[in-house]
Amino acid sequence: MIRESFTLKLSGHLFDSEDLLPKYVDLIRELWKNGYRMAIVTGGGSLARRYIELGRKININESLLDMLGISASRLNAQLLAAALSDIAYLPIPTNLDEVFRAWSTGRLVITGGFQPGQSTATVALLISEFLGIKRLIDCANIDAVYTNDPRVDSNARKLDKVSISELMAILRSRTVAGTYDLLDPWALSIAQRSGITIYVIGCGKLSSLRRLITEGTSDGTVITP
Amino acid sequence: MIRESFTLKLSGHLFDSEDLLPKYVDLIRELWKNGYRMAIVTGGGSLARRYIELGRKININESLLDMLGISASRLNAQLLAAALSDIAYLPIPTNLDEVFRAWSTGRLVITGGFQPGQSTATVALLISEFLGIKRLIDCANIDAVYTNDPRVDSNARKLDKVSISELMAILRSRTVAGTYDLLDPWALSIAQRSGITIYVIGCGKLSSLRRLITEGTSDGTVITP
Amino acid sequence: MIRESFTLKLSGHLFDSEDLLPKYVDLIRELWKNGYRMAIVTGGGSLARRYIELGRKININESLLDMLGISASRLNAQLLAAALSDIAYLPIPTNLDEVFRAWSTGRLVITGGFQPGQSTATVALLISEFLGIKRLIDCANIDAVYTNDPRVDSNARKLDKVSISELMAILRSRTVAGTYDLLDPWALSIAQRSGITIYVIGCGKLSSLRRLITEGTSDGTVITP
Amino acid sequence: MIRESFTLKLSGHLFDSEDLLPKYVDLIRELWKNGYRMAIVTGGGSLARRYIELGRKININESLLDMLGISASRLNAQLLAAALSDIAYLPIPTNLDEVFRAWSTGRLVITGGFQPGQSTATVALLISEFLGIKRLIDCANIDAVYTNDPRVDSNARKLDKVSISELMAILRSRTVAGTYDLLDPWALSIAQRSGITIYVIGCGKLSSLRRLITEGTSDGTVITP
Amino acid sequence: MIRESFTLKLSGHLFDSEDLLPKYVDLIRELWKNGYRMAIVTGGGSLARRYIELGRKININESLLDMLGISASRLNAQLLAAALSDIAYLPIPTNLDEVFRAWSTGRLVITGGFQPGQSTATVALLISEFLGIKRLIDCANIDAVYTNDPRVDSNARKLDKVSISELMAILRSRTVAGTYDLLDPWALSIAQRSGITIYVIGCGKLSSLRRLITEGTSDGTVITP
Amino acid sequence: MIRESFTLKLSGHLFDSEDLLPKYVDLIRELWKNGYRMAIVTGGGSLARRYIELGRKININESLLDMLGISASRLNAQLLAAALSDIAYLPIPTNLDEVFRAWSTGRLVITGGFQPGQSTATVALLISEFLGIKRLIDCANIDAVYTNDPRVDSNARKLDKVSISELMAILRSRTVAGTYDLLDPWALSIAQRSGITIYVIGCGKLSSLRRLITEGTSDGTVITP
């Protein structure tokens, strides 16, 4: 059971759902009031994709496209922090130094992305490592890690538990693209060097998150360092 | 004919149109290369409205809702600045001091909103006044100022030219809401005290802007101080 | 009776009085120690007027003149914060984001003005709204709101209680200038949209403030949203 | 004759004179347009003294009193920069790093004080040394350096030229207070280690400054490293 | 031949050599004066290693150890920028936004590292991509890229030219550690997506750099996107 | 006996000793946990000297050399703060305003130098004065203050207790250089005006510091205001 601090990565997908978002706001406040201390990282979701697409049409370079995606993820972070303004820190921190300043006030810290060429999963791991947090819960678009993309490969097998080195081997052998969003090698190498356990669960069911935190039961994938 | 520096307010509406946006990018670069010096303020458009609606559903207060709208307008500003990164300043300035720093480098300055309870038109006038610029071109959702909302009142008359004090009298006598977006009393009072002329044109036709700048001919409304 | 958080606007006039200022310092510290949580906004007073006058003689534009007034109000804020350095935050916050950071530390927050074309009363309302504070006490140069300027109009009647919409109607019908310093339409519209009650009292008698806070009795004007 | 860059320290006294100030504004602009590159440091003058006195009455500590004096000097710097906003940098730099950033834009840099326990003369020498400027013109309240305070000692002799080490010996032998404002040992030691010549002239006559710059003739004191 | 802007990564090794450093200072100034526009990224070298070792003994976590290494690389950047203070920007930029601000002034931009878990080679590529620069010259500890570590494997073969995808395949097949410092997969993926050519040369001979820039002849490895 | 807040100046020498440093880290954490509140200022030590020497060879000016020394002292501060990251504030504050912000969070504040031409002893006294702390413990390279440099003058006598004015008289009469590092006149004048007692002890023996704090017994020199 997770009782101490943890880092929570929320898929940008969440911000497209007017049903799910209010429930997450309530659950996060409830957990905070019950003594769980969290840093949250939000993805950019469909908003990021829309601005990157728009930007690509007007010939914006890759670095500045990524920055648009980062700003989109920060807008999601700001929406969440505003809804939790009784407990969350504002304005949204944009780098590790600002995360430390925000964390020092004892408030709930919520961020989006940090830098071009870097996933928000990596940001979540950098924050975990920096603050000495040993658990990252990744509420993803998909409900677990599979041996291959289940939408493409009907033989793909769900992994209940996998070590980082096993997962890295799987990633190297895969040929299907799109794994970037979930967990990239850079993110995994940080988890490994600092002994951080990653819990991948689906963001679609609130019960997965609640059960993982309050009972310690994962219905997704546990990635061990 | 406008030959010197001017401030350009671009309706957020523009960022919903994949057709218009690239054309504005090209025109702004062309004008810049031809020696026109500009500060640009972008609106938040449908993105701002979407996040404010979403925020209202999760009980965010008015001040923080406005801040979401401001961040949305800054995302639009960032998109435009990224497309013009050969001439524009980044990151997007968020207050008058940062505008001055950006302006001092000689680059094209693009901003979104500044503060809750304040329209982007007001921001455009504050920047004009601060930098000593005497002309604001307001590319609006509507093609001119009318005596009343033309979508509601079939007797509404388009104004070719109107003084600020006449316009303020009209605004006071109006009962139809929604005039906020165009020009509010605070914005007008700044224009008046600093002698700034406001040219309201529609953002839907690029030719209105081009003709106004290069020929000095307005097909919208000229508001004189 | 006011028991919870409130925002306090202090007329710049206070900083011209070597008698009153120390008493306010003592009262604010006493209230703080008794559990009242406050954000304070100070006016620029005679210092602001002097620098604006001086600036006008050397042809400074309206925007930069306002900024001199803002810096003057911040100097007053700094004087007060320095006298209360055991409980107050330093350096003086200059915008809403900095107010939030300062407020997060749990210290007494004191600011001056924020932006050209904006009264310190508006700043006080923006801060109230942003922090979710529902009461603003405006310690003004005058002891209450009147139907007209009592120094000019002998028929002017003191208002004990007035709604924001009634007050706006009165302001519109007035022709006498100088109401700017007390409460402008922008300030009132923020109070209205966020349900903030404004208590106008005179800053000349310390007892007015003390009685309002500890007993809830106003001898000035209560403006209800 | 001084033809290259120089640093100019302006006594806070200047900001008490509605006659002198506009003339200095004009002269500085004229010099700038004629190709002289300058960094200017302004004193706090009577404004600083007033706020320090007021602060002392409400028991503010020495460090925070000095900071009030620094803010006063910055308000003077802001007034001057606003009057020269066509050529000067804003907002007022508050430390050496910000001075470098401002200087890099090619604009006229104007600052007030930097730190408690430090004279604005020391600030002017720190800036000179940092930017590699070898001449400081100190427009002081007094027209030159004397062997003793001429208001007190009728035998005090005006010094036309003096070396820094001679001046330090004189300062050590003096018993009269109040030399702090002019040049302190810390300021002199910076001038010495970096080979900076200090020209002390009176700020009361504009002709002293003009002649020194355009003709190279000093009617005050030249302090050689 | 390289004639336009390029990014230069300087091995931290350089700052351990009192012979080489002054020569690089002179060459960089000479190139700048001849019209080459550069952004420079410096490594942390032996200083970084010393502080990381020291930190490891007092149980500092990986993230904070990396930050010590970053600060060390920034101290090297500051040393170089101070020696080139007539043309370089100060203070040292610490992220992409600050790089853009510095670059906008037209001065030589020098940085160290940015973020934990990120090589300075990656920083150099992020800056190249951000500023639209298509050439990175990597002055490394080793004179070229080899098929394996030549200090360990006597069969290691020097590569004159290699594509990024070929190099990635080689990196994946290698088992020898220590390739991190030269070029990691993240750095290469940025080069690939933005079409940046990397020239790896040894920092030990100044002639390699000079010839590469002025004649376009590489005696190291050219990595093509 | 010292029971309340104090400021601690740590000689840069400490960071050259892999034996002493871990012991200081442990002692500081132990004191903090026992309720002692501290601000710590670290010197630059041999690292500062090395970079200043290197810089002098490549013709860096005095101001920028000092800044390299300041950055070196900040790297030492960062090392210490990283080792104490459970209680210390990060990033390292670089001026008094940032010190106040850091202090407001209730965390241990650690800084290096602030400004060219200023010793870290002066920084420690500026911080003491600013925060209203009345005791500075100076853990120096030497175990006490002597009437003259004991390494040079065999008649030099150790001072157990000395007043600031007596010490200033001794400093003036000395001809031996190198006293700069210990205590300069500017540092002493701040101690005097704000009534701060300075305890000089040697950093070589941890017992000196422990005994001074927990028992109040000095085996160095007490300098009284």
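The letters A, B, C, D, E and F name the chains in turn, as written, and every chain counts its residues from 1.
Assume a contact is a pair of C-beta atoms (placed from the backbone, for glycine too) under 8 Å apart; a residue touches a chain by one contact, two chains touch by 3 or more.
Worth saying up front: this structure is predicted, and the values here are computed from it rather than measured.
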Chains in simultaneous contact with chain A and chain D | B, C, E, F
In the chain contact graph, what is the shortest path length, in steps, from chain A to chain E?
-> 1
Please work out the Cα centroid separation of chain A and chain F, and write it as a whole number of Å.
-> 43
At what distance in angstrom does the C-alpha mean of chain D lie from that of chain C?
-> 36
Per-residue overlap in chain C, given as positions that touch at least 2 other chains | 61, 64, 67, 85, 105, 132
Pairwise chain contacts under the document criterion | A-B, A-C, A-E, A-F, B-C, B-D, B-E, C-D, C-F, D-E, D-F, E-F
Residue positions on chain C within touch of chain B in the complex are 61-64, 67, 95-96, 114-117, 122, 126, 129-130, 132, 172, 185-186, 189-190, 193-194
Residue positions on chain D within touch of chain B in the complex are 85-86, 89-91, 105, 107
Of chain F, residues touching chain E in the complex | 15, 18, 21-22, 25, 47, 51, 54-55, 57-61, 64-65, 67-68, 71-72, 74-75, 78-79, 82-83, 85
If you look only at chain C, which of its residues touch chain A in the complex?
-> 97, 100-101, 104-105, 132
